[in-house]
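Attaching a single structure in C-alpha cells format; questions to follow.
All chains are identified by letter, namely A, B, C, D, E and F, in their written order; residue positions are counted from 1 within each chain.
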Amino acid sequence: MILELNSGDTAWVLTSASLVLLMTPGLALFYGGMVRAKGVLNMIMMSFLSMGIVGVLWVLYGYSMSSGTSIGGLIGNPLEYLGLAGLVTDPDPGALAGVAFGSTFAIITVALISGAIADRVKFSTWAVFSVIWATLVYFPVAHWVWGDGGWIGSLGVIDFAGGTAIHINAGAAALVLAIVVGPRIGFGTRPMRPHNMTLVMLGAALLWFGWFGFNAGSAFAADAIAALAWVNTLVATAAAMLGWLVVEKLRDGHATSLGAASGIVAGLVGITPAAGSLNPVGSLLLGLVAGVACAYAVGLKYKFNYDDSLDVVGVHLVGGLVGTLLIGLLADPAIPDNATGLFYGGGFGQLGLQALGAFSAMAYSLVATLLIALALKAIMGWRVSAADELGGIDLAEHSEAGYDLSPVYYSSKVQRTLVLTKDDLPETAKTGA
Amino acid sequence: MKLVTAIIQPEQLENVQKALVRHGVAGMTITEVSGYGRQRGHVEVYRGAEYTIDFIAKVKVEVLVDDAEAETLVGVILQGARTGSVGDGKIWVVDVGIVVRVRTGESGSGAI
Amino acid sequence: MILELNSGDTAWVLTSASLVLLMTPGLALFYGGMVRAKGVLNMIMMSFLSMGIVGVLWVLYGYSMSSGTSIGGLIGNPLEYLGLAGLVTDPDPGALAGVAFGSTFAIITVALISGAIADRVKFSTWAVFSVIWATLVYFPVAHWVWGDGGWIGSLGVIDFAGGTAIHINAGAAALVLAIVVGPRIGFGTRPMRPHNMTLVMLGAALLWFGWFGFNAGSAFAADAIAALAWVNTLVATAAAMLGWLVVEKLRDGHATSLGAASGIVAGLVGITPAAGSLNPVGSLLLGLVAGVACAYAVGLKYKFNYDDSLDVVGVHLVGGLVGTLLIGLLADPAIPDNATGLFYGGGFGQLGLQALGAFSAMAYSLVATLLIALALKAIMGWRVSAADELGGIDLAEHSEAGYDLSPVYYSSKVQRTLVLTKDDLPETAKTGA
Amino acid sequence: MILELNSGDTAWVLTSASLVLLMTPGLALFYGGMVRAKGVLNMIMMSFLSMGIVGVLWVLYGYSMSSGTSIGGLIGNPLEYLGLAGLVTDPDPGALAGVAFGSTFAIITVALISGAIADRVKFSTWAVFSVIWATLVYFPVAHWVWGDGGWIGSLGVIDFAGGTAIHINAGAAALVLAIVVGPRIGFGTRPMRPHNMTLVMLGAALLWFGWFGFNAGSAFAADAIAALAWVNTLVATAAAMLGWLVVEKLRDGHATSLGAASGIVAGLVGITPAAGSLNPVGSLLLGLVAGVACAYAVGLKYKFNYDDSLDVVGVHLVGGLVGTLLIGLLADPAIPDNATGLFYGGGFGQLGLQALGAFSAMAYSLVATLLIALALKAIMGWRVSAADELGGIDLAEHSEAGYDLSPVYYSSKVQRTLVLTKDDLPETAKTGA
Amino acid sequence: MKLVTAIIQPEQLENVQKALVRHGVAGMTITEVSGYGRQRGHVEVYRGAEYTIDFIAKVKVEVLVDDAEAETLVGVILQGARTGSVGDGKIWVVDVGIVVRVRTGESGSGAI
Amino acid sequence: MKLVTAIIQPEQLENVQKALVRHGVAGMTITEVSGYGRQRGHVEVYRGAEYTIDFIAKVKVEVLVDDAEAETLVGVILQGARTGSVGDGKIWVVDVGIVVRVRTGESGSGAI
C-alpha cells in the first residue's frame, strides 16, 4: 500500500527519514562511548557497517520483502519492487518517501543488536550476520507488523513505530548473540566502565532528536497524530529519564549521567509502539514505568551471567515489551481511530493482542537468530583471539586507534603506501632506523 | 632503603598489585610509560599508508622497601608480572638515602 | 490562541521543535567542554535534567500556565489544559504542535542558567530550583510576552523568538545565582580553561543548527517570514562571530576558537527577538554589535567579582538586551505587519516599548530568582563541600568520571550489582584482593 | 529566476538549508579529527570562519552575483540584490528560501578547500583567501551552473546539487593550494595519523545527515524528485562505503573506520550531481565506483608529492568527476524531464556535455586559484614559521589547546583580563609566584 | 649530586612549585602518576555495579640538586606539600653520578 | 649497572631513539613528563584572560646499561637530543643494584 502525500506530508516524511538516519551514527557514538577506549572504533563500525549493508539490501530487495504484496501474510513479494523497479516513474512522492523512511528503520534495527557483543567479535562475521539477519528476520517481521496484509498487523496489534518489529526483535536477537558469542574476558570480575561519557551523552541526544522522526514521522503525514506522537515522545522520555535517575539515587546513592542517557533510551523505546495511541499523561506514565523497569532490568545479566555488554536486552527488549503491553492498558479511545485500553474500559482484548504480537515476534527472533548464530559460529567463528581481545579489537580488526592525543611521535617508518611500491619511497624512508 | 622499579605489561598490573598487597606492601606508585625493546609494536594503517608503533604501552611500578626486603620483593613482582612472552619487562633496584612521609614528616622505615 | 496549521506549516513547526529540542544537549556540550574535565558530566547533567523536569512540568501545567486563557495578563489559567486535557481530540495539529514547540523553549531557558554556577552546586538543589524557577518565573514571563493577552506582548513589545522571555530572563537569573552561590574555589586567581574545545565547537554548531528552528520556527508557519528569520539568523550570527574574533585579534593578539563559539552564541541571542523585524542588512549590523558588545561584556565578572562561570550574563543577558533594544532602531517597516524603528523614521516609540519590556522582565527575574535562591540556600544549601569541589563534582555528585582513555585498569572489586546481593557474587569477587 | 513555493515546499527547503548549514561544522569535525591534536582547533576554525565570512558576503553581494540577472551568462548582476534589497517585501517565501539554501552551499565550498592545507597556514591569509576566492571563483561558477542563463547550465549540463560547482571546483582549488603552500614538515616520512577518530566518525555522520538536505533539498520542492534524490543519496553512499572498505580489506588486510568515513564522503560527493537523474540501482553503481576510485585516488599525493593533507583532491575532485561523468552513462530517461545516458541508448551526447562542464569549471578554478594563491603568497605569505608549525598551530595562531584532560594545574598567573588593566588586579595576582 | 623525588597530591603542585622557586630552584620535572596506599580511592557506579578506583592521581616531582642542598630541599617540599591528610605522599633522595645539561654539554653542578 | 635518565624535547625523541638503536641499545623506556626550567612556557588566552603554561611537555628516556657503557651512552644521547636552544634538557646517571628480566628471571648484564 503506497500512500499519497501532499507536499507538507512529504516534507515531514523526508525530514523524518533524515532524522532517523542520523540515529544510527547516534547509536554508534552512544555505544562507542560506553566501551573501553580500545574498542571504540569497532563498536562504531558495527553500526556504520549496517548503514552500508542494509542500505544496499533495502534498495535491492528489502523494501520489496517488507512492503511488497503480501504472500500469505508472511512476506512481501521480493520480486515486485526488486531494485525499486517502477517506483521512479511514480509522480506521487509517497512511494519513494516510504522507501526512504523504511530504510532507516531497517538499518538501525540491525545496528542495535551490536551492543550485546561489544569488543570481541570478528568484523567479517558481523558483516555476514547483518546480511542474513536483515534478510531472514527483519524484513519478514517488518512485513508481519506493517506490511499490507502482514499477519500481526492484520490482527489489530498496535505497533506505531516499532516496539515489536524493532526493539523486541533486536533485543531478542541481542540476547541470543550474547549467549552464543559468550562473555568478554573479565566480564563480571573486572569493571569495564565507559571510556568517554561525553560521547554517550551526545549519542543519547542524537537518538532523542532522531526519534522524533522515528515516532512522529510514523504518522506518515504532517497532521495532528504526528504532533501527538511528538509530544508523547517528549514526555515519556523525560519521565523515563527521571524514573531511572530516581532509582539510581535511591538504590546507589548517586544519579549518574549514564543513568540519564539510559533512561532516555528506555523511554524512547517504551513510547515507540504507543506514541499514536496514548494521551500525553498516559505517555508520561508509560515513560516512568519503562525508566524504572529498565533501570532494574539491566542488572539481570549479572544474575544470569550473559554478557549483554551494553544492555540491549535490558533496555530494548524490556522497554519494547513494556511499551507494547502498556498500550493494552493505556490506549485512549478519544484519539481518532484508536483502540481502547483496559484502563479506559476496553477490557483485556487489546492487551491480549499486544501480548500475542510481542511474544510471537520475540519467539521468532529468538529461534531464527539462534540458528543463524550457531551456523556462523560453526562456519566462520564469532570471536577474535583472546590476545586480540585483550590488546584491543580496534587494533586487531581495524589497525587503528581511537585517540592519539600525545604530542610525542611513537611511530616510525612508512612501509607501504597504496599506489606505491617500496621502490617509490625516498631512500631515507626505506632504510628507516 | 631501596627503590624497586618494575616495567611490566599493563594487563599484569592487577596481578602484581595483588601479589604485592598480599605480601604486605602498603603502598606503591605507578606510571604509564612506553617501552621499546625486543617486542615488536603493532602496525597501523592510515589511508593505505602503513607504519609501526615502535613504543608499546607499559606500566612502571615503584615501591620503596627496607633493604632487607628488596630481593624478596623482586621475586614477588616477577611472579605477578611474568606471562612468559617477549615484552614482559624489567625490574631494577636502586639505593635510596632519605625517605620521608609528607603527612607526618617521619623518615626512614617508618615512612613507608 | 491556538493556530490552525496546514500540513506544510505543521511539518515546519514539528521540524523546528525537534531542532530546538536538540539545542539543549547542544548547550550541554557547549557548556560541558568549557569546564574542567572533572566537572564535565555534572555540567552536562544540569541541562539534561532540565529536559526531564521541565518536559514533564510542561505537559502537566506549564503549557497551560503559559498559553491558557489569560488571568489579568499575568498568567494563563493553569487548570485549562492541565495534563493537556482536551487537546488530543483536536483534529487541527496546531494545538499539539504549539505544545511541542513551546516545550523546547521552556527546557532550554532553565538549562541556560546552569552555566553561571558550574562545578560547585548540589545536583539536588539544582533539581528543586528547576521546578520552582520554571513554575514561578519562566511560565509566567512566557505568558506575559507571548500569551494571548499577556501584558508585555499586549503593549506592542516585539519579542519574536525570546530575547526577553528567554535570554534576558535566564541571564538575569544567572547573575543572581552566580552571586548567591558564590565563586568557584580559585576563581580569579587560577586560570580555569576549557578542557575540550572540540565539544565546545560541536555544541556551538548544534546550537546554531537548532536555532534555525528557534527563530524561523517562531513564525509558526512555513512562509516568507520564516524564510526571512532564517536568513537573519544566518547573517547576524556570521557577523557576530566576525565581530568577536576581530575584537580578540585587536585586543589580545589572537582570534580564538572559544571566541568564535562565543560570538556565534552572542549573535544568535541578539537576533532572537529581532529575526522577524529586521531586514538582512539590519540583522548584519545587529549581529556585529552583539558580537562586539558581548566580547567586552564577558570581562565584567572579573571587574565586579562574581563567578558567572561560563558567561551567561555576558552573553545572554547582554546579548538579549542588545537585540531587544536594537529592534527599536532597526525595525524595517517594509516587512508586513512590522513596527518602524528609529532609523526608519519611527521615532522613539518602539524603542521605549522594547526597553519597558526588557527591563520589566529583567527586574522580575532578578527579584524572583533572588528569593528562590536565598530560600534554597537556607533550606538545602547550594554548594558541595570544598573537598568535593576540589576533587571534582563528577565524582562527588554522580560517582562517575568523564573520560577513561588509559589502557591500564586502576580499579578493582565489583562490590554490589543492582539486582544482586553480596551473596550472589562469586567467591573471588567477594574477598577481593 | 525565483521559484514560487507552497508551504510544504518551503518547509522542506528551510529544513534542507538548516541541514546543509550543519554540514560545515560537520566538515570541521571530520577534518579536525583527522589532523594531529596540536592542530585540531585551527582546522575547525578554518571551516567556522567560512561560516562567518561567506555568510556575510552572501547577503551583501554573493546571492546577487550568483542568482541575479545574468550578464552574458558569466555573472549575475551584483547590484540587483545588493544587500538582498527588495526581497523582504516579497510575500512568496521562494526568494528568501533560495537565499537561505544557497548561502549554505557557498559556505561549505570554501570550507572544503581547507583540508588540503592543514596545520600550516596563517589564519589571516586564509581569511583573505576566503573573501577573494568566494568572490572571484565560487559566486561566478555557481552562476554558470545554476544561474538563470548561466553558460554551463544553459548547455544542458546536469549538476543537480553541485558536483561541478562545488566539489570539482573546491577540489581543484585544493590541489593548487596544496602545491603553492607546500607540504607539512615531515610529510611523507612521518606518519601523521588522525588524533581523534570519534570526531571523524561524528563529522562523517553529520555530513551524511546534512547531505540529505544538500541533495534532496536541491529539488527545491517536497516532491517525488526530492524523494528520489533522498533514496539515491542513501544508496550511493552505502555502496561507496562498502566499496572503500572492500578495497582496504583486500589491499591492506584491514577495513578501517577512516575508510568507512572516507567512503561515505566519496559516495556523497559522487551522487551529488546525479541524485535527480539516476534510478536507485544506477546510484548504487555510481556509489560503488566512486568509493573504489577515491580509495585509490587518495594515494596519488604520495606519488606526485603534494601534501593534500586530508585528501580533498582524492575525494572531492575525483569523486566530483566520477559523479559528473557517470551521469552521461547512467541518466535514466524514465525519470521525468531527464536526459538519457549512454547505457540507456542516449549516445555520447550527455557524456560530452558533462565532460565539457566539468573540465571547464576545473580549468577555471585551477587558473584563478593559482593566481590568487600566488598573489597572497607574495603579499601576506601562507605559512606560519617552522617553529610554530612544529609546536602546534593551535597555540601559535589561536593561543589555545584543544584538550586539557589532566587533573594537574600546569599554569599560573592571570596576567591581563579584558576589561582590566594590571592595576585592577588583586595584589597577589600581580606579583605572582 | 642528588635526585630528590617527591610524590605529592596534584592540588599541592602549585604550592610546591612556588616554594621551590622561591628557594632558588631553577628547574624541575614532573610526571603524572597514580598512587596506591593508605588513602582509599573513590567509588564509582556503573549501571548499578559499584567498584573502587584503587589508584589515586598523584604528581611526581623530581629535582636535581647539589649534595649539600638535598636535605634542605626535602624540608622545602615537605612544607609545600603537606595538608595533613592521608595520601600526602612520600619524598626520597637518590645519589646521582653524572649530570649533564643537554644544550651545552656542561656537567656537574653547573648543569642544574 | 647504571640507569641513564634523560629529559629531552619531545621532537628529539625520534633522533635519540635512532641514535641509541644504532649504538646497539636494545631497549628503553620513555615517559611523558612536564618540565619547568629556564625555557619559558607559552601564553594562552581564555576569553581575554591571559595566563602562562609554566610546564612544558618533555620526554623522559630511561636506559639500563652496563657500568662501562654509561658515559658513552650519555654522549650518544647528548648528540641526538641537542638542538642548542634553551630547554634541551638534562641527562643523569644513577647506580643500579639488581636488574632482572621479567620474562626469564635472568639478572645482571644478561637482563638488559
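Here is the rule we use: contacts are C-beta pairs under 8 Å (C-beta built on N, C-alpha and C of every residue); 3 or more make two chains touch, one makes a residue touch a chain.
Small disclaimer: the values here were computed from a predicted structure and weren't measured.
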{"item": "Number of hops, chain C to chain E, where each hop joins two touching chains", "value": "1"}
{"item": "Type of chain B:chain E copy interface by residue overlap (half), same or different", "value": "different"}
{"item": "Contact-richer chain pair (by C-beta pairs counted) among A-E and D-E", "value": "A-E"}
{"item": "Cα-centroid distance, chain A relative to chain D, in whole angstrom", "value": "31"}
{"item": "Where chain E and chain F are represented by their mean Cα positions, the distance between them in whole Å", "value": "18"}
{"item": "Whole-Å separation of chain centres (CA-atom averages), chain A against chain F", "value": "50"}
{"item": "Contacts with 2+ other chains: residues of chain D", "value": "6-9, 11-12, 15, 190-191, 193-194, 196, 202, 222, 251-254, 256, 258, 295, 298-299, 302, 399-401, 403, 405-407, 409, 411-412, 414, 417-419"}
{"item": "Residues of chain E touching at least two other chains", "value": "14, 17, 30-32, 34, 44-51, 54-55, 94-95"}
{"item": "Graph class of chain-chain contacts, one of line, ring, star, complete, other", "value": "complete"}
{"item": "Residues on chain B engaged by chain C in the complex (per definition of touch)", "value": "10, 13-14, 17-18, 21-22, 30, 32, 57, 59"}
{"item": "Chain C contact footprint on chain A (complex, rising order)", "value": "6-9, 11-12, 15, 19, 36-38, 188-191, 193-198, 201-202, 204-205, 208-209, 212-213, 216, 221-224, 226-228, 230-231, 234-235, 237-239, 241-242, 245, 251-258, 260, 263-264, 279-281, 284, 295-296, 298-300, 302-303, 332, 334-336, 392, 403, 405"}
{"item": "Interface residues, chain D side, partner chain F - complex", "value": "190, 390-391, 395, 399-401, 410-419"}
{"item": "Contact footprint of chain B on chain F as seen in their complex", "value": "1, 3, 17, 26-31, 64, 94-103, 105, 111-112"}
{"item": "Parts of chain D lying in touch with chain C, wherever the complex brings them together", "value": "6-12, 14-15, 17-18, 21-22, 25-26, 28-29, 32-33, 40-41, 44-45, 48-49, 51-56, 58-60, 83-84, 88-93, 95-97, 99-100, 103, 123, 196, 199, 202, 222, 397-407, 409, 411-412, 414, 417-420, 424, 426, 428-429"}
